[in-house]
């Protein structure tokens, strides 16, 4: 494929998935597969009032771009989009979007999955929880699972 | 999670990804991750005029549902959507959509990837190519790659 | 045994029609027996059945489990090449 | 050596501010040296630096490669806990 289109944004506003996919696929016929990941603010127990997402403005976008460039060097991707929101996020609202476009489906799946796994552990964002009962916010702890998720990307390709 | 929502459609009309994701996520706060796969008709060499997709009406929907139910038993999924189009598809148009919703990102990635891999090799659809120069259509050959893609799902979980 | 046979993709094109009702002899008990019986029906069947390994079979809308799968109680048998959807 | 230090998440809250300009002594050459120097600045630093393994460091917006990473030529050092975005 040609040089991949890469779009990385760190912003407060919500995103529109259809618009982002259209930007990667319009006026071209070399994309056969588009995989998207949307991360949403959960609140299973109805205890959360909101998340506040803090980020490192100078670094967040640059770090996601570095990860996207690695993904594009590892798989034949035609384009990637990553949008991460910051500020106050309510339960049910979108937090993050990743889209990967490729000729082939497995490259699109792997590119999007890889970008999400590394974004989780390397992009400088931190979530603070605020509770419905008005109690003080707590910073979300990093999960060992997230580090564990990286292991699969160091396996040699099958 | 509760009993997953499963929606399978085999139809001529295009789909709207935003609408399908909304149907899986509206009015609930237990979905933290949504992965979508969109398969699009490629035409890199500008030689294709259209694909004609034939399907087995009695079986296609039932077979995709069987695969989706296996996915839902294997990963904690809150919902799955699969829509496969048939009939005439032009280059750049959508062919297939798969959406998987879950609490956690890897389950959503794996559920969608699994459904696509098995849909490719088990759902009764056949593509015929029609060329821009008016030459007679050729049936697309099945790819060994597609059978090979199934191997990864027989590995024990890490 | 009355049976509906349905054909798809290039198999449908070679057979020349998409479905038919047949009366299978009572000794046609498995998919392998069906293939043998079809071979005797003319060259349009014999042709594609020379490569039986690439023919897929569904019994009442479910993929047949090998060539020894029983046709007992089945109402509709589909023959088609490997799928290319998705 | 004039340096901008920036803090995020609960480290920012413990330090009490989000950024500061400092003049590092010339013998502070690595991330490990910086941690030692910060420990001497008061209990708000000493507190979180008792668990140095969970402190992440970025040098000019790039993750530092271990505690021996050199601060030479760096203009901005960030200290923060493990990330929880996505």
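Order of writing sets the chain letters: A, B, C and D. Residues in each chain are counted from 1.
Basically, contacts are C-beta pairs under 8 Å (C-beta built on N, C-alpha and C of every residue); 3 or more make two chains touch, one makes a residue touch a chain.
From a predicted model like this one, the values you see are computed outputs, not experimental measurements.
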Note to self: Does the complex stay in one piece without subunit B, or which separate groups appear?
What the structure shows: A, D | C
Next item on the list: Could you tell me the distance, in whole angstrom, between the mean C-alpha positions of subunit A and subunit C?
Entry: 48
Item checked: Mean-CA-position distance for subunit D and subunit A (Å) -> 26
Item checked: subunit A and subunit B: spacing of chain centres that average the CA atoms, whole Å -> 22
Next item on the list: Just give me the whole-number Å value for how far the CA centre of subunit C lies from that of subunit D.
Entry: 71
Checklist line | subunit C residues counted as touching two or more neighbouring chains | finding: 86
Checklist line | For subunit A, residues that touch 2 or more chains besides their own | finding: 39, 105, 116, 120
Next item on the list: Please give all chain pairs that are in touch with each other.
Entry: A-B, A-D, B-C
Next item on the list: Would you pull the subunit A residues touching subunit D in the complex into a rising list?
Entry: 39, 53-56, 58-59, 62-63, 84, 95-96, 116, 119-128, 139-142, 146
Check: For subunit A, which residues count as touching subunit B in their complex?
Finding: 16-18, 21, 25, 28-44, 46, 91-92, 103, 105-106, 108-109, 112-113, 116, 120, 149, 151-152, 158
Checklist line | Contacting residues of subunit D [partner subunit A, same complex] | finding: 6, 8-10, 58, 61-63, 76, 78, 80-86
